[in-house]
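Okay, here's the structure, questions in a sec.
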Amino acid sequence: MTPTTAVRADGRTADELRVVTIERGWSEHAEGSALVSFGRTKVLCTASFTNGVPRWMSGKGRGWVTAEYAMLPRATNTRNDRESVKGRIGGRTHEISRLIGRSLRAVVDTKGLGENTIQIDCDVLQADGGTRTAAITGAYVALADAIEWAREKKFIGQRAKPLIDTVSAVSVGIIDGVPMLDLAYVEDVRAETDMNVVATGRGLFVEVQGTAEGAPFDRRELDSLLDLALDGTAELTRIQQSVLARIEA
Amino acid sequence: MTPTTAVRADGRTADELRVVTIERGWSEHAEGSALVSFGRTKVLCTASFTNGVPRWMSGKGRGWVTAEYAMLPRATNTRNDRESVKGRIGGRTHEISRLIGRSLRAVVDTKGLGENTIQIDCDVLQADGGTRTAAITGAYVALADAIEWAREKKFIGQRAKPLIDTVSAVSVGIIDGVPMLDLAYVEDVRAETDMNVVATGRGLFVEVQGTAEGAPFDRRELDSLLDLALDGTAELTRIQQSVLARIEA
Amino acid sequence: MTPTTAVRADGRTADELRVVTIERGWSEHAEGSALVSFGRTKVLCTASFTNGVPRWMSGKGRGWVTAEYAMLPRATNTRNDRESVKGRIGGRTHEISRLIGRSLRAVVDTKGLGENTIQIDCDVLQADGGTRTAAITGAYVALADAIEWAREKKFIGQRAKPLIDTVSAVSVGIIDGVPMLDLAYVEDVRAETDMNVVATGRGLFVEVQGTAEGAPFDRRELDSLLDLALDGTAELTRIQQSVLARIEA
Amino acid sequence: MTPTTAVRADGRTADELRVVTIERGWSEHAEGSALVSFGRTKVLCTASFTNGVPRWMSGKGRGWVTAEYAMLPRATNTRNDRESVKGRIGGRTHEISRLIGRSLRAVVDTKGLGENTIQIDCDVLQADGGTRTAAITGAYVALADAIEWAREKKFIGQRAKPLIDTVSAVSVGIIDGVPMLDLAYVEDVRAETDMNVVATGRGLFVEVQGTAEGAPFDRRELDSLLDLALDGTAELTRIQQSVLARIEA
Amino acid sequence: MTPTTAVRADGRTADELRVVTIERGWSEHAEGSALVSFGRTKVLCTASFTNGVPRWMSGKGRGWVTAEYAMLPRATNTRNDRESVKGRIGGRTHEISRLIGRSLRAVVDTKGLGENTIQIDCDVLQADGGTRTAAITGAYVALADAIEWAREKKFIGQRAKPLIDTVSAVSVGIIDGVPMLDLAYVEDVRAETDMNVVATGRGLFVEVQGTAEGAPFDRRELDSLLDLALDGTAELTRIQQSVLARIEA
Amino acid sequence: MTPTTAVRADGRTADELRVVTIERGWSEHAEGSALVSFGRTKVLCTASFTNGVPRWMSGKGRGWVTAEYAMLPRATNTRNDRESVKGRIGGRTHEISRLIGRSLRAVVDTKGLGENTIQIDCDVLQADGGTRTAAITGAYVALADAIEWAREKKFIGQRAKPLIDTVSAVSVGIIDGVPMLDLAYVEDVRAETDMNVVATGRGLFVEVQGTAEGAPFDRRELDSLLDLALDGTAELTRIQQSVLARIEA
């Protein structure tokens, strides 16, 4: 198995990310925002800061971070009906919203937030595979900016460090027996095994979600996917840090 | 009343549009698309072409054009709950979706479409007043491109001319007694009277929706608003035509 | 164009209202009520007075007037499914409810109401075109009676004058090139242009909603429709005043 | 126990119905209709005839009769939120709709209807107790007229006799130990036991629904309520027959 | 008519209950619970005790008892869609939930409960007719245990006697002219008349719900069904008392 | 790290499953069923076989297996509102339903099923951690029996082998630094890392879902959890096989 020499439809090697861009501050209204692209996948992430926390959390001196994910109806190749029109949120939407929220909370010290809420919204403007991993990666940037905004507004303490690490995510999968990084849609539908890995800047796992789409997978395949994913999130961490550094300077 | 000499918060004269841009073909998936900006208002319009019509229209040899409008939760200055999460579409959303659909159908000869459907989606990415008028103006461009796409794919006849005119829209309002064109959000909330006018490229009215927000208005005020609006839609028509010409060349 | 000589299916001239009756106090429970008929269109309007206002309005010393419109399932020629059974309100219902609420608020000084709410319900018992205009016209009578009731109960001050004008509404449209007043259903479906005009007793516009159902319309057509509508609302104002005077005496 | 000498708030004796009126043909659109009043309780009943039956009944040569019951929001003394706005039908509404449907089907030979559906709608315009019993009583008249209409239109056979009996309903209850007929709202809330009885013109039971609101009741009390109810439905049968005879003549 | 000599599909005589078992304390979490079986019908009843009452009851020094009934999707012979997936509760479910709640409240002195709520849940694990009557019979046992639990926890007074009687329920019906007790599903679908009777341990009626499924029924038939039902509930009362005695000893 | 010597609240060692029982054929109606217990967690799994497949799958000669998961309201220590009453399915329910469906489909050759559907329902009667893993483990048994039933009924071919492997699932987690197998609820809430592993009888992975509940986890911790989980699923496989063998004999 020599993944790095395989060549893919878009010319990438097996262990190569698509072109990743993060346009920080895309929205003029939100306290933090980022338009993130993983190749043709484009997700608009906004972070909305509000004072107070949901009732069930009140009085504990802790903040709350939560997330909602959605797709525009024509983000995909064929149009999907709006969930607002159907009157109900689908299972996939629910699942990804929860994943994004958990991933961000894993790097947040909620005591440092005070009793404030940051609501993350990730709206997929264009989809080409990896929308949930792009969303997590962009949402971290929006979250970091909203926290900085709150610090400037003195809604959180000047010495508080609510962010204890960074977080990013990438998909990996096995196609024709070859482990590959950051699957585009045409690759995703062909993958025998599909895995989404969320990891911190320090290289620790936050979420590992592997699914046998075709045949079940063995331990050796699992190991090679995890290796590849950690390389990918390390690269995404560098991009996040560079974007956050550039503008703060 | 000398509207043209009034100066507004953003430096415009009373009869001046905001900067209007139309980024044609923004979406790589949709058969037609446009990212339209009226100042800070940004709306992504996509046109999805499908063969066949809703059951109630079937067998009449006519096509169908319909539209849905929505806002991202943080398009606005403070976040709004998602309609998908609330499980129901609000009245304002319904109203604007219907307006966009009627406005487009007014310039479509549905016989020319054959039994095909074009579904327009207008999603507000950022809102600063005039989202429905920007949506109509951008949707026309997406619609025109989807029709061209269908002609190339031979889903509609080569000689069919489904578009019998162009259509655009603009808001007008009276603020401190002065009629003004293309209201930004801060102007919209102060307007005594607010009117949305949809007109064709030939200068005919498709929709006139005037509402007294503060005090009822008289016939003379109504007349001055209609004059101003027709100047605005004439300018928008030129922008649409320029954008459509540029890329087809 | 000589509209007054045209003769319609029901024998009316082009500028003639249908027989309009307003049965005041039809409901024995509501604080104000009216069963209004525009020909065969019958709408039961009730006004429910309650102390307090919605939370978002609280503490401003102002009252609130809001409205809901609905149709009985067999108000129309063929039965429509109930919106309660479908589990959602349709766009048309939403749109008309909002229109009625705005129209009434245009003639109410909410300070004069104190922190009280008047909820208007307009339920169409039988429909033959013009249900929204009949609803507004009848709702004004119900509203006036509810305010009088509240004055008697001392829920609002004896000198307070919450009603600053009267309000009524009528539809107009162009059929076979002839502008016509107060369209019945068979006329409404044939109209090239359809306009609903809401005006005050003093002859000022509250809402102007014109829609090109067939071909777009020009400025001259718009003007002739507005003239016709103001004549119609002036006549409706006289009927409202006569009904309110008769019973108060 | 001498019920007939007790005097009630409205001057009735214990075994006396309120004034019952049935305005046949109230709706100009429905195939059958009746505005029924039991005192101040007013219910508009319409019968909508359509060809065909629900899919699960198809191909059996039988028709279908079904019913929906609802209340206008201000039919009652204080306003209730609309079920369409709440997005769901309440338990009481469901229960009464089902009761009306079962009651009518008990006197219908569905073979005689052919594969046709009659949809009954009972909308309470004003409520003062006994809305479900008034609804059943009025719905029978609307149903009879819709069947007659279908016979004239030859949708059902000229010799078919889909109606095998008549049906009406009345409430009875025990108040201060005295069995009383046809409870008004103020009586209903005070009743220890409340029973709704649906019976045919021949005096047979279709539904008996007795509920201990206060203390459980014994067999003797149950017997006296059943006696009283059968007297009431006999009287309602005479009123129905008189109304149906009058107009057919 | 000699019901006791008739023999049924399952070998019972006409006046014989199915085998009834009540497994008390089935759930390890609930304050009271019972798995009740009427033959193959199995219903899990739990009673959840919480401090406080719904807002509309607050401050009256009274408690509240309410109930919800539901069926597992494959409790029946063919699968039914989940009401949670359909997004709405069906009429039958609503109706039975309300019946169970009323039946239990008829034997509760809510003053004795203090301002506490007991929520009963009756979930049908397997259905073979009589699910509502089994549910009421089992729910009483769960309720009694939850009250005993609350007394031990001192949430209600040691001398308070919230239970003023016991309650159970049984179905009766007429099949081929013979009144029969406790109908199994195959009997239920054949019954001309179907009646559910809820009675207290002292033999008083709480609910009598008789429905003509086939032909309407006369007074003599009604009387024989009531006799049969009271014999059945007397037997169920003995079973309840024996179960409650056994474990408390 | 010596997990096997740690002792847990319930006396188990770190690598020990709770007592697992599978009561096959619990439901008398379903084509396959199992009441599975993992300690105090009890899940009723039923498999409903129907001819035909959803429309989007039709005509491909393949069958379909899908699953729905739900909890009774008082399955847990404190009562949860019913999703049917709330009118919407929660994210957790959606997520687990999808997981069960994917897990079962991973061991099904849908060609072997023919165009038939097996609907799995997993209803949690009592919850004490690990409800999704118990559900998958029990659902496999219900599925196997439904396939056997269909073979006997000749709905699927006698030589068809739709089941290509067995499948079971178990949770693992790290508590106080020690990897533990099959977490009970009190352990689950304390776990720093929580992982659900679905594996086939041959020891291949179907799903791996690891989540950092407290601190992110490193590769070594992940490896030890995977080892533990595969031991657990191997033991569950033996229990499944023994249960299926026992009754088929």
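Here the chain labels run A, B, C, D, E and F in written order, and each chain numbers its own residues starting at 1.
Definition applied: a residue touches a chain if its C-beta (ideal position, glycine included) is under 8 Å from a C-beta of that chain, and two chains touch if they have at least 3 such contacts.
Protein identities per chain, from UniProt: A, B, C, D, E, F = Ribonuclease PH.
Everything numeric in this text was worked out from a predicted model, so none of it was measured.
In terms of the stated touch criterion, the partners common to chain B (Ribonuclease PH) and chain D (Ribonuclease PH) are C, listed by label. Note on connectivity: the fewest steps through touching chains from chain A (Ribonuclease PH) to chain E (Ribonuclease PH) is 2. Note: centroid distance chain D (Ribonuclease PH) to chain E (Ribonuclease PH), computed from Cα atoms, is 28 Å.
With centres taken as mean Cα positions, chain F (Ribonuclease PH) sits 51 Å from chain B (Ribonuclease PH).
Distance from the chain E (Ribonuclease PH) centre to the chain F (Ribonuclease PH) centre is 33 Å, each centre being the mean of its Cα atoms. Contact with two or more other chains is made by residues 87-89 of chain B (Ribonuclease PH).
One full turn of the ring, starting with chain E (Ribonuclease PH) and passing chain F (Ribonuclease PH) second, gives E, F, A, B, C, D. Chain E (Ribonuclease PH) makes touch with chain D (Ribonuclease PH) in their complex at residues 88-92, 94-95, 97-98, 102, 106, 165, 195, 199-200, 202-212, 215-219, 222, 226.
The touching residues of chain D (Ribonuclease PH), counted against chain C (Ribonuclease PH) in their complex, run 27-30, 33, 40, 44, 46, 48, 50, 68, 70, 72-79, 82-89, 93, 119, 121, 123, 125-127.
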